[in-house]
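Data first, discussion second: the structure below is written as structure tokens.
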Amino acid sequence: MKLYSPCIGGNFTPTEKTFEVKSPYNQRVIAQCSLALSEELEEAILAAQRIEEEMAGMPSYQRQNILNGIANGMERERENLAKILCLEAGKPMKYSLGEVDRAIQTFRVAAEECKRIPAEVISLDWTPAGEGKEGIVKHFPVGIVAGISPFNFPLNLSVHKIAPAIAAGCPIILKPARSTPLSALELARIAYENGLPEGALSVLPMDRTSGNQLVTDERFALLSFTGSPQVGWDMKNQAGKKRVVLELGGNAGVIVTQSSNIELAVNKCVVGAFAYSGQVCIHTQRIYVHEKVFEEFLEKFAAKTRQLKVGDPLEKETDISSMIDETNAIRVEGWVQDAVADGAKIYLGGKREGNYFPPTILTNTKPDMNVCAMEVFGPVVTVEPFTDYNEAIKMVNNSEYGLQAGVFTNQIDEQNLAFQKLKVGGVIINDIPTFRVDHMPYGGIKNSGIGREGVKYAMLDMLEPKLLVRNM
Amino acid sequence: MKLYSPCIGGNFTPTEKTFEVKSPYNQRVIAQCSLALSEELEEAILAAQRIEEEMAGMPSYQRQNILNGIANGMERERENLAKILCLEAGKPMKYSLGEVDRAIQTFRVAAEECKRIPAEVISLDWTPAGEGKEGIVKHFPVGIVAGISPFNFPLNLSVHKIAPAIAAGCPIILKPARSTPLSALELARIAYENGLPEGALSVLPMDRTSGNQLVTDERFALLSFTGSPQVGWDMKNQAGKKRVVLELGGNAGVIVTQSSNIELAVNKCVVGAFAYSGQVCIHTQRIYVHEKVFEEFLEKFAAKTRQLKVGDPLEKETDISSMIDETNAIRVEGWVQDAVADGAKIYLGGKREGNYFPPTILTNTKPDMNVCAMEVFGPVVTVEPFTDYNEAIKMVNNSEYGLQAGVFTNQIDEQNLAFQKLKVGGVIINDIPTFRVDHMPYGGIKNSGIGREGVKYAMLDMLEPKLLVRNM
Amino acid sequence: MKLYSPCIGGNFTPTEKTFEVKSPYNQRVIAQCSLALSEELEEAILAAQRIEEEMAGMPSYQRQNILNGIANGMERERENLAKILCLEAGKPMKYSLGEVDRAIQTFRVAAEECKRIPAEVISLDWTPAGEGKEGIVKHFPVGIVAGISPFNFPLNLSVHKIAPAIAAGCPIILKPARSTPLSALELARIAYENGLPEGALSVLPMDRTSGNQLVTDERFALLSFTGSPQVGWDMKNQAGKKRVVLELGGNAGVIVTQSSNIELAVNKCVVGAFAYSGQVCIHTQRIYVHEKVFEEFLEKFAAKTRQLKVGDPLEKETDISSMIDETNAIRVEGWVQDAVADGAKIYLGGKREGNYFPPTILTNTKPDMNVCAMEVFGPVVTVEPFTDYNEAIKMVNNSEYGLQAGVFTNQIDEQNLAFQKLKVGGVIINDIPTFRVDHMPYGGIKNSGIGREGVKYAMLDMLEPKLLVRNM
Amino acid sequence: MKLYSPCIGGNFTPTEKTFEVKSPYNQRVIAQCSLALSEELEEAILAAQRIEEEMAGMPSYQRQNILNGIANGMERERENLAKILCLEAGKPMKYSLGEVDRAIQTFRVAAEECKRIPAEVISLDWTPAGEGKEGIVKHFPVGIVAGISPFNFPLNLSVHKIAPAIAAGCPIILKPARSTPLSALELARIAYENGLPEGALSVLPMDRTSGNQLVTDERFALLSFTGSPQVGWDMKNQAGKKRVVLELGGNAGVIVTQSSNIELAVNKCVVGAFAYSGQVCIHTQRIYVHEKVFEEFLEKFAAKTRQLKVGDPLEKETDISSMIDETNAIRVEGWVQDAVADGAKIYLGGKREGNYFPPTILTNTKPDMNVCAMEVFGPVVTVEPFTDYNEAIKMVNNSEYGLQAGVFTNQIDEQNLAFQKLKVGGVIINDIPTFRVDHMPYGGIKNSGIGREGVKYAMLDMLEPKLLVRNM
């Protein structure tokens, strides 16, 4: 049984306290992992401080070499990384491989962006006061970054904090989810094997109490958190002077109009609703279909969903497997039962087996049911008809969340209205709200968070503008 | 009878040779104008050289003050300028007023852009060779600009060269069209009354022979020509080392699809086809209508066209009046007759009276007829049905020109296809190809020209990038 | 005696509770002002909500018209506004006129920026997942803005929140400093007289208790605070989900090197140290002079300072007058006395008379004295010699603040080192840290704040990016 | 003896006519090469037309893969490419290896830039005419590119046309210099071995007569020429409607001031003056040294020059070898003799041996001597003292050329003056005018050319902006 140690600025040493990492699929222990405590965090901070100036002053070709070196290292271990990810998260191999590929791409993008940190020349002679002067704005690393990443994309959502930090020249200390720390620790190993200077990255599996120091310690210049809304918003008010970026969840909606390509919409929605059992921040949770095509959509959607292959995540054909733990499966089951009690109909699925919850389609739901109003974070989707497009927009907006939304349409006016009116961070035309490529700006409004990730956008929060006013 | 003198760097002195400026509407002489010859051009060039360094070094707030001052001066004389323009060009007052307003707006835009000349910071440490170095690119005035403007927008198309030149810090010598020199000369007066330094602008009515020195003289850094394709392209090969921008004409096409708003399309096309008797570079010359809505469109289009009020351009209600001269009216008549001889049908109009040519709608045309293939520069439009959208795109592209094109549609795929496939400088969705606002990039490809105008874009051709590599 | 009423979305109605506004110079009551309470704030919020959608959808030419209209209105009342400002703040007329001019310029800049809200096209086909898709990012108003502005620039620092809000399309509720509410209220009147729609702006003089709702109420999307560090940082942890921009103070340092122009440095430093009695966020508080030119600088600096004319702020020649109140004058006196007790020498000034504190130059100070380490916000400056340039950089950085810093030098390496090493928001070469033009990015790091103002930069915090992913 | 065939769109077939490629160092025949004639050019154009649409529509990840694939291929053959380059051009191995590395970097940069083709969103509602509309500008490939490259950087200057063309989506037909066609042909082979689609690149060694069709044929949308001024400027007036970019030569000057680091200046100038026998467009030809440091500079410069190792270019230690041919060596010798006859002094070198010309330092020159006024393109440099910095600027500017200039200084005012006043495309501070990294904008003004290269900048000339006006 392998024992994983925290990565303290490149130093992998076990601590006194260890815990077991188990497969969500069959509860087997897949590794031992050593827990980092306050002491290890302190060491990691000191290591970060020692390397801070060097990271800030590193020429861009060196940053690029390191970032590409890590990407190359991950490519060489692609299959193994995917397997570890699959084991710790219960994520089917096809999606685990996809996540590794995306994490590699995130590093590749960072390797380009580190050379393109924005700078601006500002003419100052707009009034006589500025005559003969000129401004230059350059961006400098803010300092040490605290990152907290969730269980559902244990590798790529860690990389979305680590790669921009290296590109921006900031040391980073990352706390992975306690249930899925392994792939992030493997990544740390690969990073140091490929030239990352000591101190630039620490990966510390921690319990929540010691982990809270990442939120409160004033030596961090930025807290970048991806996780649940409640936890995230609480952090903001404890964060002191540091910047805070919150990537939280939602209950993403999608609209399928009459002018849309129904086959396309069905195929995309099956993935958006059920991939990784819906344990995805931009999981497609609510589908609104024009009444004229509602029946057709619903039938085809259910038919396609029935074809999903359930099984061991390690099997290459598996589409869907267990949820992360039984607690969550029970929670989802409860929400579905509550909905049914309140009038909803189960069109497909609905019956839990242990920590497996099947792909579940609900209709006849009401907006205030938990399965609609809350983030379900499970393989449950509601499908409802609408008559008027404006009404559909309102239905999607009727949420405390606002991450992404999708609209299937071929009409210009509907596309424009969606972009103008949908209260979200991203409007995806002819695709699901679950769409994300790793260099696009990504993040939510309302309760879904504050700030944007997406390499370049994540880097901007890790950089501080400084103005030089000079003679010209 | 007023005698207009050339503006030689702010000095308005009559020359020995004068000519008459006549109303195209009734051939009355409206002013005498003094012709500039080689001597005056030489003086203008010397005056430009004397002010070149001062213009280049002028702080942006001073440039802005001058440009806004000119705009204010034009606003105060708005009605008078419009009347002069109306008289010299035979342009109906409603359009003349519109042109004055646009010329004012062009100066207002330039007053903003002069403070926003692009500059760029380039990180150079992408390889060890650039370590510790940084690049800054700033844009410096290229030198003296030669401008040649046409009769059809004698004010605003002059302003589209003058305002960017002042904003960029370049002295400019402009040759207006010989038939319509008055509004440009009035503008020059207003400019100097509002603070323009001596030498920064000359406006020289010239004959073509002396005018050709604007093309060949190596002391000009840029030739900016708006006019006919044949003349323009000939200039390019005589221009020596200077830069050349050519804004030439076209035979702009528009597509009206089934999903379009027919009323909107009709209303817009009437303006595009017949405003100022079609003597507009982006005159709507070819209309392709989906067969299912072809009859409806054609009837409504003709009905609306019949409502146009013909008359004296000085009357505020007049929509359409004479063409610029009888030669052109006869030419247009000939093209229409040739088309009819070759099988085309006149749906409306077609009969010339002196230098008035009525709004004319042709159908059953063939692509190689002059009225289709050449720039008609008159109030003639062809309307043809199409079956397949891709075919319509090809019909629009079947032209040696490529300035702008319009598409009326509410379909996303049609909009995208239009933007991808139409071989033009600008694709206008749900409006006519005749659409232009003065700060947008404007210019054609294929035989329609090279380069772009639109204040900021015109300025870029008047500026030379210079790189500073410095230590950082 | 004029009674000023709060501006509740354009409605100026007195409330039950009034207070007196007094001249800091002679304590005469210059106006009565009505205090806004929770009810008025509630009305203002409701008015803001009613206009929110209209403001967000307003075309840019209308925004520009409103913003330029306000600037024109202020120009017409320039003298009167300056006088009110002079009376309420005790700011000498020459500086009051300057502030009005700058406030006008801030509106002019906003009138341009409202047409230039950034948008971005992102190619998404960097991986097969994005093939055929394209991203467009546009920025939409975040919602209602809460602004809190300080006494020292009661007009222009209010305008730095109001003008960007109008430009960005956000309704704003501003709480001016209670001692100086008049000029902001006059501005509100002018704004509504010049076309601002009802609800878009409220100006509410409030006490701190009711004012705190601006910090905590979740209906505000952004809190923009300018004021003291302690107050500001406390707000950040009470602000809930809203964004927070803090423009706080500092103890700005300036370095005068051997290669500098001493006359220039002296003249600039006298203004930086003593203008408006140092009650300026970027007041020049600490001057470090190379030992070789230390004596020369100090003598000339003191000589020039002695020439400052003390007197009634309403007199046009007056350079320096009373501080805002006696409490502050006493505080400054105490800090100076403490410094002397600890070994500092008073080179000039130092003796308080009522709420007048004279221009005071200290030497032989230590970094931990209040006059060095804290924000003195009074007419006190320390002048110390240095031997080594790197040491001087460290001295400037030896502060918990980091707003701006100045360096007088003619050496490239010193300029570069300053920009690389000084821990501030802005490095000003050959000018004082007090340098600011209104469109430049302005704001501090460390305890000096978070975020940037400067119209375009302030607007960015009032705008939320939204991504459209579309087919192309 | 290897026979090289032209690359006709990926098809390498010998033609009837061959010529010998000889080593400039020892005149040995190193390869046979087949000459392309009009027929082959016609085939290449047809192949380019066939692939044009596919290249234009290729997603950016595919372009990136191809460009990185070529770079990888070159890396694998680095030594061999350098050797071929060394043999055909007589360029010492250390510089040949450097050129291969730079060519690889040029492809790497292009692999990034192909994903970053600029696009712009323009708000159009600046006036009521644009209300509800929005502009998007995207850049589309212009069509087929004609490239002509010179003998002195036969690989990297070809790559500076080929890599941007692939990145921009344009097929390209390149005519390498007839004396050095081999490395470009090897590159073509590598390109096709690594995924370039057939037709996208042709490399055709041609004589000047058939080659001139690249200039005149209207099927080319752009002519990009690097070579001598006379040839280049003649082409511009024969080019018809196509765009023209000319990268010509110069007689670059450098200023060494009193405040400069003399060691640095000496070391850099030795490279700038003598690397590849001065056969470099930005060869350091004229050095102006402040009189106070003139003697010191001259002595150290000569001493350092004497250490250069002369010999066989294939030897790794060789610094300098033969010129490209005896004709040029004789020409350079003549110019030096003319200068001496007119009063110049040879401080070092000056005696030709066959086609070897030694590093030669001249003093006491006059500005109108050929060695000053013309592009010497040989290992000859003039060193002259100056008294006043402004005078030195004028000396550098006293030239019909304006490519790059260098200034060694530590003074801010001198740096600023250099950037403001030097009439060149690039001002290099504390380095030689010979400085170039491959992604910086590079190109000259005056007789040195028109347009800029440097991947992104070269791409801009290969792209045509197209505006979409759409509803929003």
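Letters are used for the chains, namely A, B, C and D, taken in the order the chains are written, and counting of residues starts over at 1 for each.
The criterion applied here is as follows: a residue touches a chain if its C-beta (ideal position, glycine included) is under 8 Å from a C-beta of that chain, and two chains touch if they have at least 3 such contacts.
Just so you know, these numbers come straight off a predicted model, no measurement behind them.
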What is the chain whose Cα centroid lies farthest from the Cα centroid of subunit B?
A
Where are there more C-beta contacts: C-D or A-C?
A-C
Gap in Å, rounded to a whole number, between the CA centres of subunit D and subunit C
51
Roughly how far is subunit A from subunit C, going centre to centre by Cα mean, in whole Å?
38
Residues of subunit C touching 2+ other chains?
126-127, 138, 412-413, 415, 419, 429, 470-471
Subunit A - residues contacting subunit C, complex:
105, 109, 122, 124, 126-127, 129-130, 133, 135, 137-138, 233, 236-241, 243, 415, 419, 424-431, 435, 437-442, 445, 447, 450, 452, 464-471
In their complex, what parts of subunit C are in touch with subunit B?
112, 412-413, 416, 419-420, 470-472
Interface with subunit A, subunit B side, in the complex: residues 59-61, 64, 115-117, 119-121, 123, 125-128, 131-132, 136, 138, 259, 409-413, 415, 429
